[in-house]
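Have a look at these structures, which come just after this line.
One chain, chain A, links the two complexes that follow: it is found with chain B in the first and with chain C in the second.
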Partner chain A sequence: MDLSPILNQIITGLYRASIYWLIASGLTLIFGVLRVVNFAQATLLVLGGYMAFTFYAITGNFWISIPLSAISVGLIGLLSERLLLKPIYKVEATYQLLMTFAIALIINDLAKLTWGKLPVLVPLPDILKISVEIFGRSLILYVILIIVTGLAVYIAMALLINNTMWGLRVRATWRRPEIAESLRINTSTIYSSVFFLGCAISGMGGALMVAFSPVAPGLGDFLIVSAFIVTVIAGMGNLLGAYIASIIIGVSESLFTLYLPEIDLLLIYLIMAISLLLRPQGIFGER
Partner chain B sequence: MVRGDDPVRMKLRDPLVYIIILLLISLLVIPITRDPFYLYLSSLFMILSIFSLSYNILFGYAGLLSFGHALFYAAGAYSLALFTMNVLRDPFIGVLVALATSTILAIAVGALTLRHSKIYFAMLTLAFGMLLYALLIKWRSVTGGSDGIAGIPRSGFIVNIMDPVARYYFIYGAFALILILLYLFHRSRYGLLIRGLGVNEDFMPYTGHSVYRLRMIAFIISGSVAGVAGALYALLMGVITPDLAYWTTSAEPLVATLIGGSKFFAGPILGSLIFIVITTLVARIADIWQLMLGLILASLILGSRGGIAEVVERIWRAGRSSGLRV
Partner chain C sequence: MTNEGRRSALKLIGAGIVGLAIGAAGGLTLAPEKVREITVTQTGPGGATVTVTETKTIREAPAARLPKDTIKIGLLLPKTGVWAPYAKYGEEAAIMAVEEINDTGGILGAKVQLIVRDELADVVKQARELVEAEKVDFITGVISSGNAMRLGPIMPELNRLFILAGAATHRATEELVYKQGIKHIFRLNVPVYYEGILTAWIAKDLPVKRWAGINPDYEYGRVSWDLFKTYLKKLRPDVEFVAEQWFPSPGTTDFSKYLSAVDAAGAEGLFTTAWADEAAGLHRQAAELGYYKKFKAAINPMGYTAPVFYALGRGYPQLVNGMWVGARYIWFYPPTSINKRFVDAYVKRWGRVPAYNSEYAYTSIYVIKAAIEKAGSLDLDALIEALEGMVIMSPVGVRWIRPEDHQAVHESIIGRTSDEVINIGGEIRMLTDIKAVPPLFYYRSPPDWKVPMIDR
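Now for the complex of A and B:
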């Protein structure tokens, strides 16, 4: 039996998984610390793609456009957190979710007004177009780069949270915000920096993605569903869980597309329903 | 709770009944204009009102945020279409079938989602709504895939609504009936208990009532009424597509309810009116209705979580306390 199509699908699946992860990581981080489900997370990833398109048009440099769009998406996230979310932290959690939904609607239409309705793509630099032979199949180096970036983001986040002073403060706020405050941790600053980081990661994800698959209006509406499935399967607020669940969903999606194209979409929801019935708190969630 | 102390009941006393009667009378005379556009818009308004009223039983009453209400809406629309085209050709029986389908679906989905926390519930309902979307897209032989179903019959052996005015009054009849039934539910013992869930869920077990059971009742009523709204939509349009199940459809009653005011019985109706005006009129000028809705939503969440109805009420009260007679 020829295994190469399977392996090829797995690599494509890992690419997909990285995109989901770059949304789910921000979602998980923000939910963990702020207890806010950021509905706008996927919209911010798409915005990152649009930003990269503009920065590429201005600077002409692919590499610079990535950090620039990550920072600007982070700043947009920070601004909306300060202006729109901070006043309602004391209110019921559903209204915070609704506020992020409103933010998603606003960013969606503003992006449509700025960049138009047509899909937008950034040309890939020649260095990254090189094909590499893996298992007898040629793959564009860029796909591998995105997969590695996904893993690097996980490692960087884990190090940042577990091994730095800032991470310690974040963990304290994550566990007990009131006690963290009594220990002179400025939780308001922690909230803002976490929100900035979570949005910047997704912004970077979009900037990376736009060189391989185009971004268009409505893409965020579609991606947020997958990101939610990932977080539901993983259990809310668990980074490692979200990373593993992204890989499970991404890889099984592309395997299903190859072998069961008639029902590929349905199977993902089936996985979700089964995992919920067996472990309602998520595979890695705490009760 | 002492009867007189209930703020919800106090607010919703008599003026509401007059407003509803006024609304029903003004909708009754719309066909005099003979303008098909107004007939269409008013029908759309009534359907969205039913959809939003059903949504508010979950959101405003039980305090549950759902992003998957389109599940029942689309299930109602598709079951009417499939039943009237393949089994028995009659719109009225089709609506009853839609009601039955969405009720059964609500029991099943409710059993899977209602025991979870509110945040999980929001994400789960989104995913279940998208499950139906995926099914409608993929099951081509039955649902017609992404093309949907066209040519939904509007005549049968009980009712014939081929004529636009007859269709309008058919939708009007359903709207009036549902409005009255939901108002009675709103005033009923269970209506009050479910509104209690939204006020403070943690106190509910002390009254001897199961939170899960009350949530289930709310979910079933909400889902079945949404199914009827979907069936009416299918009859109005004659064509349905899987987009009905996409989560952005679920956002419509949510936005309408928030704009109108989720703590008021008539809030979703007011919100639906504003929603229809914004989406049809603004969309004619420029394609920025999402931006408009987002801005309205954000300012209402910051300024008045009770929606426009609360703003009106505040102005009313301020006017009265300053001695002004309105």
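Now for the complex of A and C:
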């Protein structure tokens, strides 16, 4: 049996999974530390794409537009955390969810005002169009770049959280914010820096994505559903779990497209339902 | 029928169409009334008689006075969401038609007023408001097939004519008009016969045996793909359909998994009814991922609408056996003076070439004008009688409104992307190998909905 179509489909799935992961990672990090379900996470990824479009128009350089978009989306995230979320940390979590929903709507409409209703795109750099032979199929470098970036983001986040002083403070805040505060950890700064990081990763994801698939108003609403499902399956707030769950969703979506295209759309909900029935706390969740 | 026989049949049909065109040219045309030179004798100062040549617009005296001095037309289009930029092409052309008519004396002396509403904000509610609050006399537009099927059945209750211009489901005319007898609906555009049947004639002659489909997952995509499969199999029994993929629409921006799946199935040819931004996205990604080097040919019936060719510019891909793309109306065809006048006016006014839906919106206003002038009143039965069987010259060419199902029959073209790139308000990759297929080859017709040149 020729396995190359399946392997090719798996790679396509890994590409898709990496995009989900670049949303889900921010979602997981922010939920883990702040206990805020950030409904605006996918909208920030889309905003990253729009930012990259503008930075590309100014600089003419795809590679420079990526860090610029990441930083600017991170700053927008930071600003909305400081101004809109911080005042309501003490009230019920529902209000914070509603606030992030409002942020998503505001960003969505501001994007429409700024960049219009038409989808925007950055041309794919020629170097990323070069194709390489893998398993007898040709694959362009861009797809490999996205998959590698996804993995690199996971490794970098794991190292940052497990091996640095800042990471130690984050973990302390993650576990018990009251005790962390009694140990003179400024949890407010931790919250803001985590929010910045989570948003910047999604901003970078958007800047990478926009070279292949365009961003348009409302795209975030479409992507956030998959990203939520990923974090729910993973167990809210578990980074390794979220990475693995992204891969499970992305690859199985892709394989089902090949073998059972008719239930392709149903699939992610099916996986979620089954995993919630078997392990309500998520595959990697604690408790 | 032998090939020879078919060719002579083609000639006959061609002659018939030319005949219709000549007949129509003498009757109704969609140009504003002619500006004619006349000589006026005036009495100058001091009693001298001066002969002055003046240019004046000559109008015939209205044959009948209408009971009102403003005719209101309600235009329903997507004003929000991803289809809004697409629909803009229609609105622009409708505005142009209304201005032209008002500048040349209106309809039987009455001014025309256009009221545009968002068909995505509950089309039934919008139509009711147009009729009850705005007191419109006609409803036109509607791009979504789903909306056309929702609005159609309530037209008798609203007691207005619905000049459908855009939505492509064959059910609007085959079921609502013909089977259910809702005489209030008239459709100006070719339905999915274009997407599914005309394309089968193209596919039949390509060196491709293994076809795959990547289509939007709703009525339009499913019906088109079914028709394509059915009719291609009839025209060429040795083809295989190796994969069918459905993408959520609107909303899909990443087509990679569908492309790799049809490639895995060993497809040689790709059929897609993706349209607007989704068509542009699909073609760009298929080219970037290298699939358009593997596939021999691709067919995208609505791939040559203005938003798509402007979005792709010179990057519109070419395939070894052709990237076959079209639209129900393409601005450069036919090379008639009426079409040239329409395109020139549109480019001058809006800075870009018209899309197919521009032609429909524009013609719909003129069809309303023609109906009123022929009927001499706003009486519904008289208007229906005036429109049934009407032949109209329009930018797309001759339109004959088939009396049985109120479907306008007109010619449409398809071609493959060429090396030539021009610039009118943006880069446009031109087409070559233009196939102008007479309607008899792909229109299904009542009473049994067979295609005369295929299902015999």
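What we mean here is this: the second predicted complex is superposed on the first by the 287 of 287 C-alpha atoms of A that agree within 3 Å, B and C clash if a C-alpha of one lies under 4 Å from a C-alpha of the other, contacts with A are read in each partner's own complex, and residues count from 1 in each chain.
By definition in this document, a residue touches a chain if its C-beta (ideal position, glycine included) is under 8 Å from a C-beta of that chain, and two chains touch if they have at least 3 such contacts.
Remember, predicted model here, so these are calculated numbers, not experimental data.
In the superposition on chain A, contact of A:Leu265 is made with both chain B and chain C. By the touch criterion stated above, A:Thr257 is placed in contact with chain C alone, chain B being left untouched. Contacts of A:Ile130 after superposition on the shared chain: neither chain B nor chain C is touched.
In the superposition on chain A, contact of A:Ala93 is made with chain B only, not with chain C. Of the two partner chains placed by superposition, only chain C is touched by A:Ala216; chain B is not.
Applying the stated contact rule after C-alpha superposition, one finds that A:Asn108 touches chain B and leaves chain C untouched.
In the superposition on chain A, A:Leu277 makes contact with chain B only, while chain C stays out of contact range.
In the superposition on chain A, A:Ser138 makes contact with chain C only, while chain B stays out of contact range. Within chain A, the residues touched by chain B in the first complex and by chain C in the second are 262, 264-265.
Chain A contributes residues 5-6, 8-9, 12-13, 15-16, 19, 116-119, 121, 124, 129, 131, 138, 140, 142-143, 212-219, 222, 253-254, 257-258, 261-262, 264-265 to its touches with chain C in the complex. On chain B, the positions that touch chain A within their shared complex are 63, 65, 112, 115-116, 118-120, 122-124, 126-128, 130-131, 134-135, 137-138, 246-248, 251, 254, 258, 287-291, 293-295, 297-298, 301-302, 305.
By the touch rule above, chain A contacts chain B in their complex via residues 37, 84, 87-88, 91-95, 97-99, 101-106, 108-110, 112-113, 221, 225, 228-229, 231-232, 236, 262-266, 268-269, 272-273, 276-277, 280.
Chain contact summary for the complex, chain C toward chain A: residues 81-82, 84-85, 217, 243-246, 248, 251, 253-258, 260-261, 263-265, 277, 281, 284-285, 288-290.
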